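Presented sequentially are two complexes of chain A, the first with chain B as partner and the second with chain C.
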Partner chain A sequence: MPSLFILVPLLLIVILNLPMKRLRGNIALFTALVLCIVQSLLSLIYLLFKSVHFDPVVPFFTFALSIDRLTLILLCTIGIVSFASLLVAHSTIVNPRQKFIFINLLLIALIGMNTIVLVTDLFSLYVFIEITAVASFVLIAIDKDLHAIEGTFKYLMLSSVATVFMLSSIAFFILVAGGTSFSDVHNSFSGTSDNPFTKIAAGLFLCGLLIKSGLVPFHGWLPDAYSAAPGPVSVLLAGIVTKITGIYTLLRLSTSVFVLNESMQNMLMFIGALSIVLAALAAVTQSDFKRMLAYSSISQVGYIALALGCATPLALAGAVFHFFNHAIAKSLLFVNAASLEKRFATTDMNKLRSFGAKPLVTSVTSLIGFLSAAGMPPLAGFWSKLIIVIALFSAGKTIYASVALLATILTLTYFLSLQTKVFFCKAQTVQPTVSSLPAIAVAEIILAAIAVLIGVCFPFVAYIWFLPLKEILH
Partner chain B sequence: MIMNLTLLVCLLLVAIWTVMTTRLIHAVIGLAITSVTLAIIMNHLNSPLAAVFELSVCAGLIPVIFITTVSFTQRISKKQLRVREKERFIKFWYLPVIIVVAGLLLALFTHAPQITVPPAGAEENVRNVLWNLRHIDLLGQVIVLLAGAFGVVVFFKESGK
Partner chain C sequence: MIQNILILSILLPLVAGIAVLVSPRKLYRSILLVVTLLNLGLAVFLFRKDAVLILPWAPAGIDFSLRLYHFSSFIILAAAVFSFLIALYSISYLQNNAIAKQFYAYLLISVSFVNGAVLADNLVLLLFFWEGLLGTLFGSIAIGGKQSFKTATKAFIIVGVCDLCMMAGIALAGHISGTLAISKIHLPLDFLGGIAFILLVIGAVSKGGSMPFHTWIPDAAIDAPLPFMALFPAAIEKLLGIYFLARITLDMFKLNPESAMSIVLMTLGALTIVFAVMMALVQKNYKKMLSYHAISQVGYMLLGIGTCLPAGIIGGIFHMINHAIYKSCLFLTCGAVEKQTNSTDLEKLGGLARIMPVTFMCFFVCAASISGVPPFNGFFSKELIYDAAMSRGAIFYLAAILGSFLTAASFLKLGHAVFLGKPGQSQPKVREVPIPMLFPMISLAAICILFGVFKSWPLNNLIHPVLAGASVEHPVGDSHISLTLILVTVFVLLAALIHHIVAARIMGGAVKAADHIRYAPVLSHLYRWAEKRYFDPYEVCRRIMKGIALLLWSVDKKIDWVYNVLMVELTIISSKGIRHLQAGYYVIYIVWALLGSFIVIILSLR
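On to the complex of A and B.
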């Protein structure tokens, strides 16, 4: 059954590329949308009704995959964000050929991400991280715009460095553990605790993942890639791709595969805190909507890294909850950015200001997105940040907890300045003719509704979905 | 031991030449020779499967793609070439020195910890490795090729004009 999450999208790509022109129009978009909905709903149903029992459907495809609550939450998130990205693509990509290629590449990225969350082998994990990265490189530069190509180039170069780190780590693990499966690697930590090779190998892999996550000081590629990519691609990249390839892998490996010592945990916390503060300060100075969101993304991922470094069960549950909330809020904000970019052909906030009133749905949903990302009650982002701060305080990490709390003020500062500049302003110039973008509005409403619902139904969501995770992760 | 050391020194020399040369075509040839040397070392270290892949992909396929790309570039004059060679040497002379010194230090001063090298099992032939042990990676390789194909379409195929 888990292999269906890989095989069905692959089969869809094969069918869509059969030599039949009829398949390349709206049918391709429609089937991809249905696939994303089915993936989200299926994972949600299994998450709600605990009797998760998966049997291999086709005996040949019995990959070494495992499925748990964390996997199901992530599969659901991947489905939601890909769905939103497809809706944005429907409204923003005019050229049908380009739209078709976008759908195919999104499906490839979807296969990559699904497999990353399902595999139980370090080398397979690396292979599918690369698949997702290759699909992302092409997606960023799909317009062949000069800035986008520059963004892709930076991403490609830093990804290559990450690749070298990860491959060297895998080589060390083959030497030390005799294999690359998660259980072999985990056993190598318990068997020979003083073996320097295991520590070096774990350190190298984590360095690779920090680059992929775009945490400070490895963040050089991220703002360029996010801001130069076309609207639907930045939704996909910021919403889920970098989170799965970087921060989820970091989460999975640091909790259930590697055994991190105290100094490694401290370093992770330090990098997390540094990312929160520096990226928030950088975000305040930005004048481009998408660049500000990109820096905000680094800052929010810092919270997850901080919680991972803390490594108490509550902190880990908070990290997963924040991962989900951040994916939803950031996708929503990038959908809003895509909507404005399509209507006004710019993401410069000073220029956007001169256009005056913005569409109602975009204004309201962006407010929800900002408040959720900044951590205002009763929205989803507030609860996850609260759990992380409580976990840090109860673990005795008072300084880090204070940094996390104070950084919220910075977050609120740049988000409010953005909101007043872009949305709460009077028209100074003639407005361009605004065409209605119903698909984008649907994506905005769905994502905003999730952010509100998760926040309002917090007790149910926390106790049924996220807090039980701490038992799985330990 | 002597054989391994000789091969290692050869590998290092060819790799340095590959990096330091200013002619693209020489760098490609250097890369191919580096890969061949590495393949011989891998075969010597009881990893024939890795050696075959190294030989076919890194020494065969990749140089062909690079040479195709290089054939689209323009040559620079001999004078410029000499200037660039000199500049590059001044800029990067310390890199090979660092590699050699680090390698010697590692070899002389570190005590290799106990590591378990998996024995070259008789059953682990290519078919078993690819189709039974690592078939998800094989599927991954197919998907990477697919992504690459879409990349080629995006970057190099003009839309019907």
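On to the complex of A and C.
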């Protein structure tokens, strides 16, 4: 069954690229949308019916796939964000050829992400991280705009450093453990606990993943890449791609594959706290909508890293929950940014202010998105931050918990200034070039509804989905 | 059956009060009359019956427990009579007045809370209803007019602070005795018990309106609707406050004449009598003068109960009911005068006795009662109190008899100025008030006479049973009063009359009859300070608080500066610094990443 998540998109790419002109129009977009919906609904249904039993590890070609609750949550998230990204692309990309290319690349990235989530082998993991990354390089530069190419180039350079780290780490593991499957790697930690090569290998792999997740001080590429990418691409990139290739893989490896010593865990927490504070501070004075969102993204990923370093079951459940909420909220905000970019051809907040009143759906959903990201009850983001802070307190990490709490003030500061600058301004008579963007409005409403529903139905969500994760992750 | 009626007597007025708020214009007057009449019927039915109702309500001994016995049934009956008569009066008085609806609702809700507070046999339940009355008190004053919100706030704060003391007292008493049931609490007056006693007494006497918790009453007299004055400070609050004071001193603490608390209570009573009546004497406004008398008369009740002698306690409780009757009636006559002439200023009124003879007769009876003229009811309760005060110390007796002299003098001045003499300026076509306003006045004045002439009925049926369960033995008979004291009283009253005639002749007018006291050498300073409100704890606290508030404000500005300026500047500076680090050169980014990786790998080896 899990292999379907890889095979179906692959098959779709092949079919869409058959030499038939008719397939390249709205049919391509439509089938891709359906695929994303089916993927999220399917994983959701599996999540809801706990009694459905699946074979944990399924051989597929030469690599083995495994599926569990965590995987299902991520597959669901991938489906939702890709869906939103496709809707945005439908509204914002005018050129049909470019749109078709976008769909293809998105499907490739989708395959990559699905496989990253499912594989149980370090080398295959690396390969699919690279596949996803390459697809996203091209996606960022899809406009062939100079600015975007610069952003892509920085991402590429930093990613290549990460590649070097990950490949050398795999080489070490082949030497030490004799294989790259997760179980082999895990055994190499328990068997020869004093072997320095195991530890160096783990450290190297983690460095690669830290670059991919864009945590401070590995974050240099991220603001440029996010803000330079065209609207739908920044939704995909910020919403899910860097999260899956970076922080999710970090979570998976550091909890169930590698055995991290205490100083590594402290280091993760430190990096998390540093990212939270520095990125939030940097976001305060940004004048570009998307750049501010990019820094906010770093700051929010910092929370996940902080919870990862804490590594108690509650903290890990909180990390996964925050991962989901953050993916939803940040995609929503980037969809809003894309909507404004399409209408007013700028993302500079001071210029946006001069355009006066913004469409109602965009401003309301943006309010929901930023309140959820800042952690305002009863929206989704509040609960996940609360769980993380509680986990930190109960683990005795009082200082980190206080940092996590206080940084919320900074988060609110920059989000409030964003909201007041961009949305809460007097109505003016300047008419936007594009009057209505129904596809984007649909994406905004769906994502905002998810953020509100998850928050309001939190007890249900917590006990059905997220708290059982504690068993999987430990 | 009786238990259900107990619950009904609390719920019925409450529901009716809420119904009044939402009912249409035509309906709410009938609701008010019917429900107060029903409440009176219930109170008559419950009179002299015994019942106990205990429902579990909250943990820690807080039960919804009601206890009906002779004392509480007596207070409920009295409150029901007053609320019915004043409801009848206010329907005519507040006709075509926009505040009528709200006032009726507050009146009904207050009746419910009074019934609850009197019946409650649990201190926390008592406090619940007691505080509920604070809400209706605030509302009733606040609807009065433009200025009345300030006065309502003043009343709310003063009574609220005293209720807070009472709350602390309840907590302490409950803690010491281990139970919150009033009928089970019997505490000694040791150190903690003494503190609890004082706190509870503060709650009780502030409800009664004794000094120094009285200062909102004269202000409310001007600002609040008049039926409120006749019902709350004149009647219901005195009933409740003195009822609770009697419960504290008789049941809960068993105050005896030897204890210091007895002296404290008597001193408080004596001071209240003298100072409040001194203020009353120089007032030139009908309502204000009555309100100071309402304070002064509480002093007699405190003095009587504080003596801890049977005669004093009986006198105090008898005085409570007498005072409620005549003071309520006096406020109603004041309302009648105000309704017809649109004025309560003594200098503008005069000669109303010929135009409003019934009102004048009621005023005359009640004024004689309050001054202690035999054979009206006030005379007998005051004589009992004099007797007890005399046996505790001549100084208390002297204070009481001085109060009596000044009361008589001030009512002579009032009656002379309003009803006798030349007609005032602003009364072109004045007539007698309508029957619904006359009926309550006549009824109350009639009770004044009846309770005076047939004093053994109220004493034997209302007052003596109160002491039956308490520690006080030998209930006194009505023949107890000594002849000497009666002669002294009569002499003092005659002196007051002569003083008034002479003073009015010399000073030139009834209104100025007390001016020689107002401008006496030492007293003039005291009066001036009192008029500047130097003796008003609320105003004094307000002035002190203003200074503290200014100080805190300046401190707060500094704290605000830290948050509004310093933190913001720091955030912006550090944010800009971080932005400069993000220079856009990918080489620098790679260097950061490599440095970070170096540290991570070093750490991984540890």
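As a convention for this text, the second predicted complex is superposed on the first by the 456 of 474 C-alpha atoms of A that agree within 3 Å, B and C clash if a C-alpha of one lies under 4 Å from a C-alpha of the other, contacts with A are read in each partner's own complex, and residues count from 1 in each chain.
The definition used in the following text is that contacts are C-beta pairs under 8 Å (C-beta built on N, C-alpha and C of every residue); 3 or more make two chains touch, one makes a residue touch a chain.
Remember, it's a predicted structure, so these values are computed and weren't measured experimentally.
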| item | value |
| --- | --- |
| First, second, both or neither for A:I464, with chain B first and chain C second | neither |
| First, second, both or neither for A:V442, with chain B first and chain C second | neither |
| A:G178 touches, of chain B and chain C: first, second, both or neither? | first |
| First (chain B), second (chain C), both or neither touched by A:P196 | both |
| Which of chain B and chain C A:L278 touches, first, second, both or neither | second |
| Which of chain B and chain C A:L206 touches, first, second, both or neither | second |
| Which of chain B and chain C A:L167 touches, first, second, both or neither | neither |
| Residues of chain A that lie at the interface with chain B and also at the interface with chain C | 196 |
| Chain C - residues contacting chain A, complex | 571-572, 574-576, 578-579, 582, 584, 586, 588-590, 592-597, 599-601, 603-606 |
| Contact footprint of chain A on chain B as seen in their complex | 113-118, 134-137, 139-141, 143-144, 146-148, 150-151, 153-155, 159 |
| Contact set on chain A toward chain C in their complex | 153-154, 157-158, 161, 165, 196, 199-200, 202-204, 206-207, 210-211, 217-218, 220-221, 223-224, 261, 263-264, 267, 271, 278, 281-286, 410, 413 |
| Interfacial residue positions of chain A with respect to chain B in the complex | 6, 10, 13, 63-65, 95, 97-98, 101, 104-105, 108, 111-112, 115, 119, 121, 123-124, 127-128, 130-131, 134-135, 137-138, 141-142, 144, 174-176, 178-179, 192, 195-197 |
